[in-house]
Amino acid sequence: MMILSANTQWVLLSTMMLGMAAGVVGCFAYWKRQSLMSDALSHAALPGVVAGFAVLGTKSLPFMLGGAALSALLGALFIQWIRTSSRVKEDAAMGIVLSVFFGLGIMLLTLANRLPGGQQSGLDSFIFGQSASMVRQDVYTMLGVTLLVLIVTLVAWKEWKLFLFDPQFGGGLGLSGRVMNLLYMVLLVLVIVIGIQAAGVILMAALLIMPGVSARYWTHSYGGMIGLAALFGGASGAVGTLVSASGNGWPTGPFIVLTASVLFVISLTLGTSKGLLVMLLQHRAQRAALTKQHTHPAHETVERGG
Amino acid sequence: MSYTGWILLTASLVGLSCGFIGVLLILRRMAMMADAISHTVLLGIVVAYLVTRELSGVHMLIGAVTAGLLTSLFVQWLHARGVQQEASIGVVFTSLFAIGVVLIATKVGNAHLDIQHTLMGEITYIPWELTELPWIGAVPEAVVLLSGVLVVVVGVILAFYKEWKITSFDPALAASLGIPVVLMHYVFMSLVSITTVAAFDAVGAIMVVAMLITPAAAAYLWTDRLLVMMGLSGVFGVIAAFMGYYIAVWLDTSISGSMAFSTGIIFMISFLFSPRHGLASRLVRPADQI
Amino acid sequence: MDRVLSVEQLNASYRKNKVLDNVSFEVLPGTLTAIVGPNGAGKSTLLKAILDLHPRLSGVVSCFGSPYAQVKSRIGYVPQRGSVDWDFPTNALDVVMMGLYGKIGWLKWPKRKHRELALAALEEMGLGNYADRQISQLSGGQQQRVFLARALVQDADLYFLDEPLAGVDAATEKVIMDTLNTLKNKGRTVMVVHHDLQTVEEYFDHVLMLNRTVIAHGKTADTFNQANIMRTYGGSLRWMGDRLG
């Protein structure tokens, strides 16, 4: 057991909270069938981060996060616009926004790295995430925003449920779909924006997608899934940060994602609700029941893998 | 050929291969699959490097195609087990990519293979890495590799043109006519993988995604004929390569980033002004009245 | 071999739910059969399971006395209209020509004679003037007729159609039914997933009533009666009251 510095403890706390918030909002994205939207938006945040830096000429997290939020929202707007007013489908629209915004981000990044102070700004660490680059101020910002996100999801618990499950019915009860959609988009962008410093724009999406998908293998209930996703996300954030801190200059994002992948594989195989093991046993039972039912000779049946 | 000439030729070859493949990608609604594969080939390259300890074209191609096919298999497999298609893509590619990055960061990080390079490419070095060809003389290795890939891509698309068309448009009918839809899917994924990996070294992962999806989507707004769409898409890719290069030189910035951005400009122009399916056409006449 | 199609003890499931339970029936040549049943009765899945497009848990399907895979070229399939992307960059003639791809063979491009065959089929459907139209610019009924033309050029002996009359105009409905009757009179066999109970007696000489398993199957005149309809649809059929009095 290593002894952690006070700063590392704070960073650990903030990546854990980030993982929890990402797990919860990731569930929303999953139910809205927008898992890859988070990937597109986190890539789209890059030019904003760099522009936020360039405006002040010095590293100021609020400015950079503000820029990130703006460009991610712009990306979301573009996807929506392309999808609704041309024959180009959503997947292509996301691919376009993702790659073009990221290309612009790289252009700006190359330019910014030549500005005085640009090389030391740690801008590069936004690509793969570098929690070691976070100072106390960054940690407070992150903690504040994650808390806000968690509170918003908890306060409007039943409204979210209604909105995600049956927005039309919700509309009938006076729940405005537009407002909820906007709020959802804001939450998603907030989580992405605060996450990119630790997890990086390229892998941030994984922290949103994986905890929710893993949670599905354990429970069918709404609350259960959200709770478990928060747990998985928090664990991924904390463990990933710890592991990456044990190496010299190792990026944080990939280790957070690997932790989340390990949790996913465990859930996939051993999960009590739809895990492979359980499915296998059920399948056997079904097969056995079927053979009992029929007196048909086995060689005549056409067998197909499920 | 001049230094600039080689760079433009390399990028144009990427633009052509990606442009042709991209048309099938977006018609099969697999744009995000291309994004996924462009990330996971990194793992294939790293593993090939760890096994052979050298970065040769052949090993990289084998590693990348394996990684691409595995990505596609895993996604299919998870989807068949009830995970949404989108989410399965997200789970698979981020995991495999993370493994690749971690391996680079912890095991193989060196001058030949670093993370920055794989994302953004190093097209500026391409003209220096020459190889001798009979008759022609010294040619950059990347140009040889990319020309080979272009020939394969064009060959396979044209040879099975009607099969690509029908399996993209109506897979159920294709299957009922006896066309091996699943096999075609994996052949296609292999094509995407080799295109990606060949382009990867030159221009990096993100630029590959831009070149695969954006010119094809732009071409989709100009025409209703598949062959024309492919031709246009290739042309757009080449235009983006030239445009990107000169913008990058002008601003003195990343060439691959600037090429990716240029594909976006071409798309935006098409999106706004294409007389057939652009926004302008809607202003002139209502959508359903032709 | 007398039977065109025989299905024995067919079982299939979708995700965890069993949608086809011991389905068995046989179809005679030169018949026009409607497959009817409530939503979720497994009508489309039945077609797909027969055509190897949906995995079978167990059961034997044979067409013309052989396994389906060996006689694919003698079988035509018209999927639901919603199953394809109508924004696909292709025109009506091209879609019809797709029906010939199996016959044209690998590596070959369609020739003039294939174009002419496809054009003739389009004309038969009354769409000769629409050959160059991008397919999204056709009406729903016209799209359905393009699909039917595509099946016609296949020149199959056994046809499966999935809801060809759903959401089409009256003119298209008439063209489609005339075409199917012509096929029947030429000795071809046609099976149609059908949703409109009002027209079963008028349009079809045989009916297969399905609700996860075969409830009744036979000549329409003998089979399509109130008792069987009630058994097929259970309590879910409030609106049948006015029709059956």
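Order as written gives the chain letters A, B and C; numbering starts at 1 within each chain.
Criterion: a contact is a pair of C-beta atoms (placed from the backbone, for glycine too) under 8 Å apart; a residue touches a chain by one contact, two chains touch by 3 or more.
Since we're looking at a predicted model, the values are computed, not measured.
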item: For chain C, the least number of touch steps when starting out from chain B; value: 1
item: Identity of the most central chain, Cα criterion; value: B
item: Of all other chains, the one whose Cα centre sits farthest from chain A; value: C
item: Geometric centre distance via CA averages, chain C-chain B, whole Å; value: 39
item: Distance between the centres, which are taken as Cα means, of chain C and chain A, whole angstrom; value: 44
item: Chain A and chain B: spacing of chain centres that average the CA atoms, whole Å; value: 25
item: Chain B, residues touching no fewer than two other chains; value: 29, 82, 220
item: For chain A, residues that touch 2 or more chains besides their own; value: 87, 306
item: Of chain C, residues touching chain A in the complex; value: 9, 11, 16, 55-61, 87, 136
item: Residues on chain C engaged by chain B in the complex (per definition of touch); value: 15, 48, 51-53, 72-73, 75-77, 79, 83-85, 88-91, 94-95, 98-99, 101-102, 104, 106-107, 109-110, 134, 137, 150, 154
item: Complex contacts: residues of chain B adjacent to chain A; value: 26, 29-32, 34-35, 39, 80-84, 86-87, 89-91, 94-95, 97-99, 101-102, 105-106, 115-116, 119-120, 206-207, 209-210, 212-214, 216-217, 220-221, 248, 251-254, 256-261, 263-264, 267, 271, 277-279, 282
item: Touch list for chain A against partner chain C, complex; value: 87, 282, 290, 294, 296, 300-306
item: Footprint of chain B on chain A - complex, ascending; value: 30, 33-36, 38-39, 43, 82, 85-89, 91-96, 98-111, 114, 124, 127-128, 202-203, 205-206, 209-210, 212-213, 216, 247, 249-251, 253-255, 257-258, 260-261, 264, 274, 276, 279, 306
